[in-house]
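Only one structure is covered here, and it is reproduced in the block below.
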Amino acid sequence: MAKPIRKRSKSEGLPPGTLIHTGERKIETAKITLIDYDKAEYHEREVENIEGCFPFNDKSFVTWININGVHDAEMIEKMGEHLKLHPLLLEDIMDTHQRPKMEDHGDYIFIVLKMLYHNVKKDELEIEQVSLILGSNYVISFQEREGDVFNPIRERIRKGKGKIRKMGASYLAYALMDAIIDHYFVILEGTGDKIEETEEKLIVNPMPETLQRIHNLKREMIFLRKSVWPLREVISGLERTESTLIEESIGIYLRDVYDHTIQVIDTIESFRDMISGMLDIYLSSISNKMNEVMKVLTIIATIFIPLTFIAGIYGMNFYIPELELRWGYFAVLFVMAVVGVIMLFYFRKKKWL
Amino acid sequence: MAKPIRKRSKSEGLPPGTLIHTGERKIETAKITLIDYDKAEYHEREVENIEGCFPFNDKSFVTWININGVHDAEMIEKMGEHLKLHPLLLEDIMDTHQRPKMEDHGDYIFIVLKMLYHNVKKDELEIEQVSLILGSNYVISFQEREGDVFNPIRERIRKGKGKIRKMGASYLAYALMDAIIDHYFVILEGTGDKIEETEEKLIVNPMPETLQRIHNLKREMIFLRKSVWPLREVISGLERTESTLIEESIGIYLRDVYDHTIQVIDTIESFRDMISGMLDIYLSSISNKMNEVMKVLTIIATIFIPLTFIAGIYGMNFYIPELELRWGYFAVLFVMAVVGVIMLFYFRKKKWL
Amino acid sequence: MAKPIRKRSKSEGLPPGTLIHTGERKIETAKITLIDYDKAEYHEREVENIEGCFPFNDKSFVTWININGVHDAEMIEKMGEHLKLHPLLLEDIMDTHQRPKMEDHGDYIFIVLKMLYHNVKKDELEIEQVSLILGSNYVISFQEREGDVFNPIRERIRKGKGKIRKMGASYLAYALMDAIIDHYFVILEGTGDKIEETEEKLIVNPMPETLQRIHNLKREMIFLRKSVWPLREVISGLERTESTLIEESIGIYLRDVYDHTIQVIDTIESFRDMISGMLDIYLSSISNKMNEVMKVLTIIATIFIPLTFIAGIYGMNFYIPELELRWGYFAVLFVMAVVGVIMLFYFRKKKWL
Amino acid sequence: MAKPIRKRSKSEGLPPGTLIHTGERKIETAKITLIDYDKAEYHEREVENIEGCFPFNDKSFVTWININGVHDAEMIEKMGEHLKLHPLLLEDIMDTHQRPKMEDHGDYIFIVLKMLYHNVKKDELEIEQVSLILGSNYVISFQEREGDVFNPIRERIRKGKGKIRKMGASYLAYALMDAIIDHYFVILEGTGDKIEETEEKLIVNPMPETLQRIHNLKREMIFLRKSVWPLREVISGLERTESTLIEESIGIYLRDVYDHTIQVIDTIESFRDMISGMLDIYLSSISNKMNEVMKVLTIIATIFIPLTFIAGIYGMNFYIPELELRWGYFAVLFVMAVVGVIMLFYFRKKKWL
Amino acid sequence: MAKPIRKRSKSEGLPPGTLIHTGERKIETAKITLIDYDKAEYHEREVENIEGCFPFNDKSFVTWININGVHDAEMIEKMGEHLKLHPLLLEDIMDTHQRPKMEDHGDYIFIVLKMLYHNVKKDELEIEQVSLILGSNYVISFQEREGDVFNPIRERIRKGKGKIRKMGASYLAYALMDAIIDHYFVILEGTGDKIEETEEKLIVNPMPETLQRIHNLKREMIFLRKSVWPLREVISGLERTESTLIEESIGIYLRDVYDHTIQVIDTIESFRDMISGMLDIYLSSISNKMNEVMKVLTIIATIFIPLTFIAGIYGMNFYIPELELRWGYFAVLFVMAVVGVIMLFYFRKKKWL
């Protein structure tokens, strides 16, 4: 799991607006793709450096610039100059430990989201920061590395599927956010499966490893929660904004995304409840097992300790009258058997057997 | 218990408004029933396909279309076209993992609720999504399968019992919601019985199975909570809406439903408190039992270990003066008895006996 | 303790406004008492059936009808007709599982409260629903059975004590509510005594029965809480209402009742905290006891097991040189004593003795 | 610790406004002191009975009447008549189980606070109710008994120290409240010391007495919390009030008191967190100790039980070939030593030694 | 860790506005540095006594006075006179146990913050109060001792790096706050490292020392929380203030600081969750270990106790027919081996081995 705040200190003492990349560098060189489209036409190309993107096509087109890799301060600075973006915003794009947020800067809206990946190799959740800048006729998206979550949207633009080609830039921004939040469901499904699996193991045979798993699930939830909770505010902020950048017809789509976010949050909260229930079960099953161990010990000890004592008595080297009886041995064995049986009855009565 | 989010991922990457059924298919073919009524007249018929429902009877009639089965995308699309419904709404009808919600679309109000069933076979709660569309003179209700919760309403319409025939479509919508929420009380009664039963078992003889039961009850509560909490907002949203679709005289009825919802929520919260109290009792009764087991072991061991030691001493093959005494054996037995009695007094003093 | 929701299901599927008594029938036949008074005069009589109450005395009088027993649907329906009450309200009077609430119906205000009794026989709290209808010059109160909480108010009216005869109907309603909430303090005093008593037992000698008591107290608190929390809203609703039925001079009295309600809530919350603290103490005292038991076992076993081993060695039938020593026995006894004393020192060092 | 609600029931059934003293009588006869001052002059005298206080000096003076002892209903009634106070307010002064509150009655403001004392003898916190009535040019303060918290204020008035002589009645009221709240810090310091002391004991040698201490601290916190939380509302109420009784320049002083209140609340919450952390430590240190006891038992038993078994074998009266070996005894001793050493290695590996 | 409220009582009973230093004296004599700058010029000098600072340079300059050491009441009083500051404010500067807060006094804004240091020697967090007074063209900052957190800002002013020289006093105040809050990230990084380290130890080998560490981390979090939570209000208060002292262009910078504060709070809450999870793990790993110890004891005892009993039987001095068999000894050994093996199989079945 990514460190929650590691390397934040890199930028301590620097003037605000200084561009410093605070995350791990997840990609070698930044890759810039530019798509512009209107109802009729559609162009897509990869550009070498950011200057190649400007100026945009004329107003009737929607321009989508997608940048994979946010470690290149120079490129981001140039882009900032071209579009007259606030330096703090550029800093936020490069500082990949931002909290999800939405800022209305008048000419453009700045949105920070978290994308989650399931790293199959390490069996861990990984987090990536996605920043969006929504202008009047453009959207710029920043990812930390190449991902495939936006591919279906590219496909829809290419093929003119759905409404996307007929709508403006704010619909594109919505579509990108929707893709990110939809992906949370995939992540949650995976977590749900793990919870179920762990729960079954818990019932069949609780082990210290199971506890470790529960603990990991719990941390995953802390992690998820931190990424998703602020989203609620972000999206309801977009819904309520009076900015003209958000077309009115987008409202209902944002409401839909908002509903999904709430659903994700609900599910996370339910999972947290389930996981804390699992911990209770684990602890009480450990208690149960210890209880069972204790019972076995007690039964064995309680039966044989008195019998061994009886044997000990007749092992003493005193003059013992009983020893002279021919059938004494058998009498003693009988007495021992009786004592043992009484003990067994006692345990049965106590429901230990 | 139904999986909380399973299969949500089916629709990942598709454009919003794509109709995908995300639940299990609970019925073979959708069944459509159409009832229309005014104060004087009443018609009821089953229709083969959705086109058979349109156009509705003239304005003075209230039309209620009930559709059992939401997996038929084509049918739902056609209906959407006829009534000019928003595509996202149609998507929500088919995606049976929605959160309860209320959306005012101007010409119609869209309501999503959760109906709960007690599946007697599996002794589990099952959830079903019910969507309502309330228009100016019609109500369309979608259920995942045939249920009997709406039957009393049909009966009331048929027989003209109560006010239902004298009132408009919003009263019908209210009656449907009321029926669903009233059914929660039946579910809660069942849960209440289970809690009481489990509590008695807990006191008489706590077993690992009891723990499992407590855990299941806890999960049921998580489940119920998730379905019921959002209802509060839904109904107070309906109360506060300025839509003319909700007749003013309905206000007091909605208030009544709202009160019931709060009562359901209160009861769920009380149950949660009770269940968590049961867990505490279970854990401490396990501790108590272990304590008791330990005491038995300790008493037996503490009495007999020293006695066995004494016997051991006189079993040594040394030259031991006491062995030559004729009454030595009896003296030793007496000493042992005294030691035993002292031990017993000690335990009595400690209140272990 | 009364079942929280039992029998609610009785009314499932019936049209709203159907009068169904959902509680246990706590009284044989309903008893109706009518008191009307103004500053100068005062009349009190018992009436056979509800029609005997109408019409009321002229406007200058305040009329108080108290009805004990709410199972008689016919009577309540007649009363509803006379006073033109809403059918849902009549349903609520008979459904004794309502949540405390306040409804302003314009011509009258409807208030539902919970009265608490301590059933001395069963040593349990019992709950009773009290409904009040406050009209312009009348108050109608419904109790489930005869109680004595309202007697002091009757007495005050009879004797013209306090302000009650000089004030209008809303003051009477206030006086009734005040009487109910004042009675909560008596209940809480009883609970406080039980908590203290249980706490002392807990310190002197914790037993499984003590746990049961703690658990019962906890449930009582859940119960109380559910009855009292909504009161806050009810009374602040009355304070804020713009209804002319509430005379302005009543405001300060309602504020006083409100303060009492908050005080009751505060006390319940403190009790909850105390009870949960008691559970912690109980659990750790069980742990402590087990620890002590373990120590005794360990001390005895740890001292005698090695000694018994030594005795066992010299009980072997080998040729053992030591056995030939005359003073061997005493030497061994000495060695054993030394081992025992060392063990005792060890335990003292460990603070086990 | 004072009983939280004891004796509240005394007043059940009495008409509101009846003056009943509900606390313990902490002083024999009420003592009344009257101070009046303006910038130039200053008078102080003790008066025998309340009538001696009226009428007040003319408007330019501030009159402060301090009354120690609130059990004298007659006196309080007379005062109420003179100043035209609401009977409910007089009731509240005598009922010493009020919640802190602020009531604006137009001509005067009524404030109820809780003063805390550390009773050194019983090592307990004690609570006292202080009521203030703030009029246009007078403040009346009621204490349950003589205290020394207000002495520094008297001193400041006498000596004309600070601003007090230059300001009006509302500044005096502020000064009294400030004195009370400042005293909370002294109480909290004491509690903080106790927490630290207990924490050290906890680490050095946890004992059941430590648990009792933790529990007492916890109860003290419940107690403090109940007295302090409502203060926040009281003081922010005074800040926000539009009453002309509060001079505008007082605002900043009230803000200061408010900040102190928040600081007290913060500290209480931190203490609660610390105390609950101590409970966790206590419980786990008990577990640790039991674990250690178990280990000693297990090591001793596990080493000697097998050895005793070997000795037992050669103590049997069978014909055993080994017995005939001259060096058999030494061989067996050697075997036993080897077994013992292996066991010790095993325990070392397990980190039990 | 600094005592949370220690020495607060020093000032009890004194009139408000009395200047009393409540903290430890962390520096010998106060050190005053004065910097004033505009776009073009820049002066920096150390002044002996506070009078040396007045009057300020003319309006176009921004003056920053930094004072290290707040124990010198005389100096602070003089400064208060020069700038006409409210006496309560001066008191707050010297009382170093203030809660972070923001007060708008019209002519100046008063801000109290907490700076955190990691004391490497004691491996403890230390807290220091920083007060800021923001006037129209000056900022005065008070620190308890010399620190290096503000050095980068000095450097930026000297070198004219960033915007600082081009902006007014409110930007300087922002820069100081930003420096303090940025430093929290460094502290949190340290804590994060400790948490991780402790977590690893917890998994490898949980020890009572680990518990102590967890407990210390928990206290650190209580401590941090108390310092950081109120910051949120402080900064949003600055954002929302209508004071003209805050230039409009500062808004976005304050928003940025606000975001950082929320991030710090989020991280603290996540850490709290993690730490409480660690406690659970610790407790259950202790349980696990005890369980394991119990198992070893039980296995050994359960195998050898019955065998020892058999040996005991044949050690009795009775006439026992079996003893006469030549191969009796071997038969008994065989029986014992069988019993042992059965036991082992039983334990394997129980999964104890």
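For reference, chains read A, B, C, D and E in written order, and residue numbers begin at 1 within each chain.
One rule holds in what follows: contacts are C-beta pairs under 8 Å (C-beta built on N, C-alpha and C of every residue); 3 or more make two chains touch, one makes a residue touch a chain.
What you are looking at is a predicted structure, and each value in this text was computed from that prediction instead of being measured.
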item	value
Touching both subunit A and subunit D (chains)	E
Same or different residue numbers at the subunit A/subunit B copy interface, by half rule	different
Centre distance in Å when subunit C and subunit E are each reduced to the mean of their C-alpha atoms	42
Between subunit A and subunit E, centroid-to-centroid distance (C-alpha), Å	26
Sites on subunit D at which at least two other chains make contact	283, 287, 290, 294, 297, 301, 305, 308, 312, 315-317, 320
Arrangement of touching chains [line / ring / star / complete / other]	ring
Residue ranges of subunit A touching subunit E (in the complex, touch as defined)	3-6, 8-9, 11-18, 86, 88, 92, 97-99, 101, 103, 205, 208, 211-212, 215, 218-219, 222-223, 226, 279, 282-283, 286-287, 289-290, 293-294, 296-297, 300-301, 304-305, 307-308, 311-312, 314-317, 320, 322-323, 326, 328-329, 332-333
Interface residues, subunit A side, partner subunit B - complex	151-152, 156, 161-164, 175, 178-179, 182-183, 185-186, 188-189, 192, 203, 252-253, 255-256, 259, 262-263, 266-267, 270, 273-274, 277, 280-281, 283-285, 287-288, 290-291, 294-295, 297-298, 301-302, 305-306, 308-309, 312-313, 315-321, 351-352
